[in-house]
Every structure is written in structure tokens, then in C-alpha cells.
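Across the two complexes that follow, chain A remains constant while its partner is chain B and subsequently chain C.
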Partner chain A sequence: MSSVFASPQENGWQKWKAVWARNEALSLLVLLAGVIALFMVIEPTMRKSSVYWDLLRQVSPTMVAAVGITLLLLSGEFDLTVGSMLALTGIVIVDTFNRTDNMWLGILAGLLTGLVIGAINGTFVTVIGMESLMTTLGMMFAIRGLVYVYTNQTPIVDQNRFTQFTRLWFKNFGPVPSPIIVALVLVALAYFLATRTEFGRNTYAIGGNANAARVSGINVRRVKFTLFVISGLMASVAGLLYTAQTDTGYFNAGLGFELEVLAAVVLGGASLAGGQGNVTSTALAVLIIGTIGKGMRLMSIDTTQQLLVIGIVMLIAVYYHRIRKQTAARLTQEAYAARQAARGNVLA
Partner chain B sequence: MATTTSAPLLTLAGIRKEFPGVVALAGVNFELLPGEVHALVGENGAGKSTMIKIISGLYRPDAGEMAVGGEVAEFRSPADSIARRIKVVYQELDLVPDMSVAENVFLGGYPKTPRGLVDWAALNSRTESLLAELGLDIDPGTPVGELRVAEQQLVEIARALSQQAQIVIMDEPTSALSPGEVDRLFAVIEQLQQRGVGIIYVSHKLDEIFRIADRVTVFRDGQLVTTTPIAETSIQQLVTWMVGRELSDLYPKSPAVIGEPLLRVSNVSGPGIYDLSLTVHAGEVVGIFGLMGAGINSVGRVIFGASPRTAGQVTLAGQEVGAGSPGDAMEKGLALLTENRKEDGLVLPLSVKNNMTLASLRKFATFGWLWPRQEIKESADYVNRLSIKTPSLRQQVRFLSGGNQQKVLMARWMMRDPKVLLLTEPTRGIDVGSKAEIYRLIDEMAHRGLGILFMSTEIPEILGIADRILVMREGRIVAAFGRNEATQERLVAAAASDLNDAIVEAG
Partner chain C sequence: MSAEISTPARSVGASGQSSLQDFLRRLFGSQEGVLFLIVAVLWLYLMSRSDVFFTQRNIGVMLSQVSMIAITGFGMTMLMIAREVDLSVGSMQAFAGVTAMQALNESHSLIVGLLAALAVGAIVGAINAGATLGLKISSFIVTLAMMQIVRGLAYTSTNAAVQNEHKLASFKKVFNGAFIENPVRIPNPVLTMVIIFIIFGLILSRTTFGRSIYAIGGNPEAAALSGIPVNRIKAICFIITGMLAALSAFMLIARMNSGQNNAGFGFELQVIGSVLLGGASLAGGKGTLVGTLLAAVLLGTVNNGIVLLGYNSNWQTAVVGLMILTAVFLDTMRRRMTGQS
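Moving on, here comes the complex of A and B:
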């Protein structure tokens, strides 16, 4: 790789800089390691491995939802309904538990909710041609309102106490918590979908230049519709994990969750204009934000102050990305100019 | 025209610029005189754009000195260059489309009332007088987005005047202009000359340079080859300097072996074209010539289904092609190269390979799962076959030169093994070396039995490669010539309508 990119006179340090600048996931890994190291120094509890297993459990709903949003954003579209979906899925699951006394029906109903809402979002955007940011913002309020009206603002508790269901959250395989297994499997699937399939390639092309994709025979609407459904489905899986934690459907679940998810997606380097980004980086970004939150909770920093710190860290992270991307662009352009000047006569 | 006795506006002495490992500009000496049009020519990457970036303050030279109006100039940023009254009119214009002409002309330096508010009356009247001086009849209140590209360009020049620019650099200013508009631009350039403004004029269109320039400087491989008065050289000589050897055959043309009819278009209408009928045979190159705005850009899009077809029938090798469906057209064996690479051709953030294989992914996939090895192998084959200059298949396509980008798009469609290829202005804005290669590819494909429909606004290439030439005017085919009966004069006469004559006169 580096031999292909490196211009003739790059020394060791410059080579490392180029690798860092050009590899999104690697640069985030460096950032994650830095954050962990920092907390290990200032907070002794952060040196225990149990803290990290716990952290992985806690970030898994965010990771699942963020991966769905990343895929959609690659095509240039937004979905802001994930927070409301977390509440709606929880309500639907537990309500179905109580009405049918069947755990599997409840889970199925929860996933179906994601599918249906995703399809509705997809229809608005791809069939009617509405703008996705505003459409899903409207849907976000509508779904939250529906949840408030339906529950009359009281939590719905699982009367059957399905312990099998709560294991989805609490069970460990060795030291590994089950929800992170679910999340990582979905990250892997999304990774292969994005990089190894025709569908994924089409997604990147649409986000990069929808006109070019259309003229190349790609069915832009169909791909986008499918992505909305995937995003909805991922949001309901996140809701499933979240609900398993308390075995209760909360009308207030996931308030502000969509922004938390979007923050991770952006920190992961996905372009809001579409066409650029990858799911691995999003997953790493979720871990970074999770680690910072966890560290501050352990240091018993007041939640109001936490918000301040997270905000500042986000700004620093976005700046870090900008520097990295600029470096990458500059290196590529210099290398290109160098080659052009070096290659001699173009017709030779 | 140039008063050679006066002191130079701009002097470059021994300017050198290196990028890691190589020299992009090797000790260039250059002079721009007041009232002079000084053309820069050279292949892409020869050093012209590096030099312009140095003059405009985007790059800092590694060695050498620059002087503006006799005073040493060391630019740290474009702002320094603008402060010394240097103005660059880029190919992609940097105007604000929603703001009025007047607002754009004085952008960044509005006339103020004593209270510090924008003096709208003065803004409009001063714009009006600037436009009048340039001989332009444009309402200063019109939003720039509603103007034609040619008029927008003139607004840019008015902006240069409002900034009292002494040096104006124009980068490929005529690439989107019709002949009438080019005439008007040239009239404005002469106006600037009379005011003593020095103009650096970058263009790939050599015939234009002979119309407008006083002197020409040729670059090759970072070296300044020569600077010469235009009257003492010829197109042939310039090309030889640019490519470093004699380019004997720009238009290779093997004897055509015309086969069965492949593409039949009957009475087709759509946005910009009316009642179009034509046939393309196997092994035949059919050219459609038309002036800017004559509708030739819509022909390919409507046949292919990228724009709606409101009437008529298209068949390919006897099979009917559905209207408005690029997917169906591709299935039947059609391919379309659109006229605007960046708008609906390339996916800029994606790699060379992913751009190439975009239209033929199905070929490399089973049930949607891609097999990268085969994909990489075939992409690499095309990179070699079309001699695409790229460091790797993973390079983002945005970093390639225009000519190489165009070849990537050619590869995208060749990979599908189409029966008929629709090419809309495939050589627009690319250098002469890449042009020659694209002509060679077209000839090769026709020789292999493909049918080619070639739309262009440039007469020499149409004459050079087409077996049959149709002329389009106002969306209709108005004349047809065989290869042997077509001449430049006949094509122009057929293509120019009263409307176009009017524009020429107005200019």
C-alpha cells in the first residue's frame, strides 16, 4: 500500500504520517488509545478490565443504531427517528409480551416496527421525493407523540418477567457481554454489505454522485428505500437491546439518542454529504464517546459538567478529523503534482 | 498591439517550485507587458497551472523572484495577490448565484453611505457604468444564477475591473461558450487591452490563441520551452513544442467496414430535441455537429433514457429500447458518455477502479456478492489498454487529470461490451495528447464492429473521425453529409441559424 502512495523521498516519519492521515479507522484507534490512556492515568478504576466489558455492554445499542445510520448516510440521506424508535420499539415489545404472553411474538413485533417505520420513511423520501432531514425530523416528533399518547406517560412493565429476554442484555459468554456480540455481528454484516457487495458499491456511488449513479443504470430509489428499511431495522434492534436491560417500555427512552448517534457517525468521519465513511470507523467512534462518558461517571463528575466536557471533546475530535483529512488531501495532491512533473511526456 | 517599449507589469525570474522528489517548475523566466494578451499552452501537468498558482498566491516558489509593476512581490496568500491588482478568472466561476450582478461585481468591497450601510444606488449605477464600458447590456439587479455561463464570465471580468485589476488571468475561458459568445468575450478582452491591462490566457484551443494572443509561451514537463510572438509561429509548431515530437496523425481513421444497421432512432422527441431520426450501422462513426445550445447534448441522453422521451421509437439490433430507462438501454447494448464529467459522469470521492466498474458490477458478482480479484484484474487491463495515468487503482478519481478522468469513463462503458456507444463531447477540456488517444479508441472500437454516435461542437474532430455527419440546429437535424462531401464551411453554414447570426453581430 504505502509503496503505491509514497512519493520517492518520503522518510520514515512522513510515511507514518501518511498512513495515519489516510486511514480513518487507524486514526480513530489512535484517538481511542489516547483517551483510554488518559483516563487510566487520572482514574485508577479505569485500569480494571471489568470496566471495559461493562462499557462494551452499554455502548451496544448506540453502536447498532449508528451503523444503520452510517449505511444510510453513505447514500446521502438522514434518519433522525432512531431515538423515538428506541421508545416505540420498547413499548411495542413489552405491550405484546403482556397481550400475548409470548416472548417471541414480542420480539418479532419489535423488529417489525423498525421495518414498517423504515419503509414509511423510505416511501416519503424515495417515492414522494421529500427531503430526508425534515421528513425524519417530523417522523421523530410524530413517533414520540404517538408513544406519549399510547402510554399515557406511564412505563409499561413486563408482567411475565421473561428472564430469557433480559438475558439478551445481562448474559455473558466468558467475559463477553451478549449485547456487544449482537452489535459486532451487525457491524461485521454491515461492513461486508458496504464493501463486498454490489449493493454497497451502489450506495457509495449514489452518495458520491447520484446523477452519475443513475446514468450508470443504478436504481437509486430502490437502493435508498432499502437503506431506510435497514436503518429502521437497526434502530429496532437497538431498541430490543435497550429494552432487555430493564424489561420495561419507557415512553421517555432514547431522548436525544439520535444526536448521540449522529455525533458518533460524524466523529467516525462519515461525510454528511454522503459517499464517504465506513462502518468500522463509526463503531470505533461509538467506543471513544462511550469511554469518555464512562470515565467521567467513574470520576463522579456531575452530569451537567459531563455534558460540557463531552461537548468540548466533540469539538476537539472534529478538529482532529479536519487536520487529518487536510493532511491526507495535501499529501495526495503533492504526490500527484510530483508524479505529473516527473513522468515526462504524456505521449511517450 | 502590445507596446513593447513599456515596463513589464509582471516579471518572473528563475521561478522554481518543487514537490517532494520532483521539479514542477524549473527556473522559469516570464514577462507580461501592459496591454498584452500572453497565451500559455502546454499539456496538463506541464507547469502552466503551477505558475498561475504562484502568481495568484496559492503556492510559494522555492526559488526565484517575482515582481509586479517593478516592485518585488512575495505573496503569502491569494489576498496578497489580489491586493497587487491581480485577478484570476477560473474555469469554475466563483460567483454567488443567488446574489445580483451588482452585488457580485462589488463583492467584498461595497460602496457605503456615510452611515456605513450599503449604498445600493451607487452600487447599481457603478455596476451599470462598468458593464456599459464593457459593452454589455445586463441589468445589474439580475441574479447571477439566471445568466448564461458566458454572461457570468463577463460579470467576473467586470468584477476584475471594479477591483481595478492590472493583470487578469483567464483559465480556459471559452470552454463553455458558443462561437458568438466567444466573439463577444474577445471584444471585451480587446477593451481590457486598450486600458493597458495585461492578460494571461490559458487555453487548449490553439486556433483561439492565434486570434487573440500577442505572444505565446509553451511549457513542457515543468520547463518553459519558448516564448514567441504569435505571428512568428504556427499551430503545427506549437503542438510539436508541447508534446516534444511531431504529432503526425491526430485523427487516425481506418477504412470503415459498414455492417448491418444497429441503432435505429425514429421520430424521437424529448427535452431540447424534436423529431429525431437516424440510423447507426455496425462499424460506423456517425457524427452530429451543432453549435452550443443546438440540442446535441440532449441527443444521447434521450436515446439512452437519462432524459425523458416524449415521442418516437428507439431500437437496437431489432430490439425496442424502453423510454426513460438507462437500465433497459444498457441491457440492450447501449452506452452513454455524458458531456459533463463532473456532473453526471464521475463519482469523485471513489477510486479509479470503483468508477470504472460502476456500470458492470453485476459481471463481477454472484447474487450481489463481489469477487474483487476479477474486478481488479479487468480494471488493471483497462488502465493499461487505455494508458490511463494513475498511481494505483485505489487512487481517488478526483486527483486525475481531465484526460485521464475521461478515459476512466470510456473504460466504464467499454467494460460493458456495448453494441452502440453514444459519446457526447468526449474531448471537451482535455489536452491534445489525451484527445488523440480518445480518437484512436473510437476508431479501434468502430473497427471492431461497434456503432458510434459522436456528438460534438468542434468541427475539426467531427471532420476527422466521422463517416457520416449530421448537422443539428434548434433541436432538429437540418443537414447530412458524407465523409467526403463535408467541409468546415458547409457545416457552419448549415448549423448557423438567424438566431446565432444575431448573437455574433451583437458581440
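Moving on, here comes the complex of A and C:
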């Protein structure tokens, strides 16, 4: 009980601990730095900067989709359609290319797909009142199935070979790959939306307590509907980037992508119950998972065995979050007790 | 949440009415009833459209395929009633199967192979329980991680598949044989499914243990305060789910005649889809084995019907999705009309 009388701020170590515990993004940054440092020590190729630019290119579709899901999850709703969306968007884009010979129409059609699917999901959940996890699980199978039916399980190749389109994936601005620029712009927009606007505050409020939010005059349905549309749109942007990589619409694209994205979101500290989490943390979590995958590939660890490591890392990371949150809560309590003690309030 | 406020027992209002009305009310008033109706209509339709559908052979094959999802689904139902979930059952199809086939090849004994599968299931279930309940991390996340870990273990233990090197005659009969031939031939997987359905159905509805599961899912704090050993019961549910998933895996390797390390990809979502379709909820406290069974049969019938009626089999995935959407839609409308929230 001696710690009760020592204000945490007096001790240098304690002070840093408090900063770490109270800042989620910072704690993830520490984790990311640790992972990178570890790989730099054991794998010499991980010391090259080109590896990291490459990594940023590869994680960008996941980052875009994960940010959309994070915003939606803040309000307490799920979207499992992102994996199927990756396939659908690719098919729609390349098919429109082939039918219209116009690149911009194809891209537009791809984005429109996300908008429409997001709106359908949103209508099911907010207008009819269906549960989002179940609804988007159904939509996930329905979309994937329609892709199978439409393509008859054969890839659709871009006959025009729009090299301009593939630049979306391969072009570099200096050392910076273009897809990560798209991703970071969207992360920044999402960050702004979540933290600096009324819409963002309403989203957090709904996730914290939907009934309280409704009673205090927030239009819960409209906010959730908008979030579904945003999530759909983000998924189609991820599909756009993914498709630019091969210039081909694959019917099997993004199988299991929804769980991969969800893993990153959860690693970023978002709560599945809603109300907790933030966009920056999700982006950092995507980087952490990406770095581990990249590092293991460079160490030529079998792709299949990487799953094992990623699973273990996920468990450790979630536990790390728990400890951090507990530390934050304890520090707050101790600071409160110390303040009360300083005032001579013994009962506290 | 207002969802906690339940309507008074419906049978009270129905007491004065005729038994037909009462029957109809029950049929439309529950997820199981609606599912039963859909399955019945679908079966009648398929019988009228195809001569092959209602034959002993076709129904047997269809239900054999359903049995793997249903058996895993029974465990998952108990777990989801207790407000937990297990996403690792798909990877389990691979890992338990691969391990069992290796054990079969080493031992040339069916029992040892089966025990190896069940042991893998129990261990993975225990790890899921330990991480969820001990470290207090959401089971969704724990089992999402375990899904990767178990899949990784399956990949590590074999490059592609473990072939059948033991050539046990009894092994093939696990999936293709029938212990009961008369008066109707009941394939072994279907028999297993029925036995497990009865055992766990009785446990869930007739024992303190079963009632405790519902109590925990309905309100964990209240259950704990009233002396129910919450963690122990949840742990048992995790282990049961793991073992039933492993049993499905054993039937799968008998069907494939090899233990494949990429088996069961996406299986977890099919199982969870069936359980949710059967009336369970992620929020816990709800769900029955009958519902899960009917949902699994429904999805199996749809797949079977698509093939029998000569439609493009690419429609199967889409129709599964549309069935889930329809069921959720009907359930939502039903609850709106009966005033449940």
C-alpha cells in the first residue's frame, strides 16, 4: 500500500509506464519497433529499406479494408463481406474494362459496387433490423456464389491491358509505392472522421451504448447505414488495389480475407462489442502482422508455417493489450487515491 | 438492452384456443417451426420434381454429408448458448484428420485412430478454454488465433496429405458403411449424428448441466452469483466442441481416404451459419439442437436439390447465402410481429 502515497508522476519509470499504458497507438508502435528490431537482428535482408517499401505496398489493401471495418465496429456492427467484395470488385472492374474499353468506367463501376453492397448491408441491418453478423455472413456466401455463377470459376483477364491501371499498384513516387499513399490518405480521412467530427463522436456513442445514444437524439440508423456504406466503399477500394496488382478478376480472391482483416482490427485493440478502438491503432496492427509475415517469408520459413506464428503473435498481442489496459486502470486508481490521501481524505 | 425483457409464456394465451391454432402458433412462433416448414416444403417440391430425391440412397448420401456439419454444430450450439464461440473447428478438420490418419498408419487400429482424433480435439478445446477463461480474452479472438495455429500445425505435420497406408477394411465403413441395414439402411455417419443428437439433446434439456448452460448465456453474472461454476461449464463446452469437431474430421478422412492438410477451409463459417440459422445468437442464452439439425439439413437439401435438378453447381454457394439471409429476415419479421425485441 506504500504506492498509494507516492504520486506516479514523481518517478521517471512510472511516468513512462503511464504514457505507455494510456496510449494505445504508442503501445502498438513499441510492439512494431520490437518486431522490426527482432527481425533486423536475425535476418540481414530485413535491414534493407527496400523491404519496408515493399511491405507497405503489400499491406495496403488490408489496411484500407481494416480501417473501414474499424469504423463500423466502433458502432458495434460487423461486416464479413470484405473477402467476397475483393473478388466481386475485381470481377466488376475487369469485366467493365472488357465491355466498355474504358478504364475510368471500370474503376467507377468497382467503387459503385462497394457503395451498392454497403447500402444493401446497411438496409438489411438498419431498416429491417437484422443482426449484422448473420446478415453479412449470408451476404458473404451470396456474393461469393454470384461471383462463381457469373465467372463459372474462371478468371477474367483484362483484354485491353490497361498499364495505367496497374500503375495504381506498381507506380512509385520516389521510394513511396502508390497503393500505400491511397491507404494512408484513407486512414487520415477516417481518423479525421472518427475524432474530429460530430459523426465520429456519434459513432463512439452508439458503440458505447446504443440506447443512450438514441435517447440523446442521435439518429442511430442513419449513422450505422452510413458506416456500412463507408465499409463497403473501403472494401471496394481494397479490391481496386488488389486487382491492379494482376489486372485480372479472380473468382477466388480474398477467401478468408474477412478473418485476416478482423484479426488486424482486434489486434489494434478494437472491441467486438463496439465503442472501443481507433483507426491509427488498426493501421499499426496491419503493419505488425505484415512485418511478421514479410520477415518470415524472407527467412524462407514455409508460408504454411507462418500461420502458426501469426496465431501465436495474435494471442500474445491481445494479452499485451489486456495488461496495458489493466495498468492504465490501476494507475488511474492509484493517482486518484494519492490525490485523495494528499487532501487528507482517509476514506478514499 | 430491451432484449432482456421477455414476453410472458405464449402457451398461457393459447390455452383457450383450439389445438390446431395452438399447433400453428407453435409452428410459426419459433425458429425451429419456420425451419421445419421450409424443409418440408422443399422436400415436397424436390419429390415432385425429381424421382431420385426421395430414394434411400440419395437421402442417405445427403444426410451423411450433412452429418459432419451437424455433429460439429451440436457442440457449437452448446458453446454459443453459453455465449462463447469456436472458430478453430475448420482447421480441426485438417489437423485432427491428419493426426488420426498418421495414428492409423502407425497402429493399424481403428480405435487408436479415433482416440488420436478425439485427443487432439480435447486438447485444442482445452487450450481454447484456458486462453478464453484463464486469460479472459474474448473467445472470438482466441479461437481466431487458434484457427491459424491449428491450421499451421496441420501444414507442419504433412506437406499435402497423409495417405491411407493401413488399408483397414473397417476404416472405409466409418463413412460408407451402415451398421443398421433393416428396415431402412442408415449410413454410419447418420447413425452417429442421431446418437449424438439424442445424447446432447437430453443433456441440454433434461440435466442441471444443460440448464446451467442456458443460465450462463442468459446472464453470466446472475449465473455465477447463484452458484453455477461458470468457468467449469464453459470449459466443458469448449472441450465437447473440440471433440465433436475431431469426430467430424475422422469421418471426413474416412470419406476422402486420406488426411488432407487443407481440409475444412471455411467449415467454421458453415457450422456457425447453421447454428445461427437454427436460432442461436451470438449474445448467448438461445438455441436448440433441433434448430441446428434442421438448419444443417436445410442447407444440405438445397445443395442436393441444385445438383438433382441439374442447375449449375456454382449456384450452391449463392443459395446458401440467400438461405441464411431469408432465415434471418423471417426470424426478424417474426420477432417484430410477436412483439419480441
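Basically, the second predicted complex is superposed on the first by the 326 of 348 C-alpha atoms of A that agree within 3 Å, B and C clash if a C-alpha of one lies under 4 Å from a C-alpha of the other, contacts with A are read in each partner's own complex, and residues count from 1 in each chain.
Throughout what follows, a residue touches a chain if its C-beta (ideal position, glycine included) is under 8 Å from a C-beta of that chain, and two chains touch if they have at least 3 such contacts.
Predicted model, so just to flag it, every value in this text is computed and none were measured.
Judged by the touch definition given at the top, the superposed model places A:R57 against neither chain B nor chain C. Contacts of A:T135 after superposition on the shared chain: chain C is touched, whereas chain B is not.
In the superposed model, A:R201 lies in contact with chain B only, and not with chain C.
Once chain A of one complex is fitted onto chain A of the other, the partner contacts of A:Q333 are limited to chain B, with no touch recorded for chain C.
Within the superposed three-chain model, A:R324 lies out of touch with both chain B and chain C [touch as defined at top]. When the shared chain is aligned, no partner comes close enough to touch A:K294: not chain B, not chain C. By the touch criterion defined above, A:N211 reaches both chain B and chain C.
Once the two complexes are overlaid on the shared chain, A:Q276 sits against chain B while remaining clear of chain C.
Shared interface residues of chain A, touching chain B in one complex and chain C in the other, are 211.
By the touch rule above, chain C contacts chain A in their complex via residues 1-2, 87, 131, 135-138, 140-142, 144-153, 155-156, 261, 265-266, 269, 272-273, 276-277, 281-282, 312, 314-325, 328-329, 332-333, 336.
In the complex of the two chains, the chain A residues touching chain B come out as 4-5, 7-10, 196-199, 201-202, 204-205, 208-209, 211-219, 271, 275-276, 332-348. Chain B contributes residues 19-24, 43-45, 47, 50, 220-222, 243-245, 247, 304, 306, 326-327, 330, 336, 338, 343-350, 354, 357-359, 361-362, 365, 368-370, 372, 389, 391-392, 394-396, 399, 401, 403, 412, 431, 433-434, 436 to its touches with chain A in the complex.
Listed in rising order, the residues of chain A touching chain C in the complex are 124, 128-131, 133-135, 137-146, 148-149, 152-153, 211, 255-256, 259, 262-263, 266, 272, 302, 304-312, 314-315, 318-319, 322.
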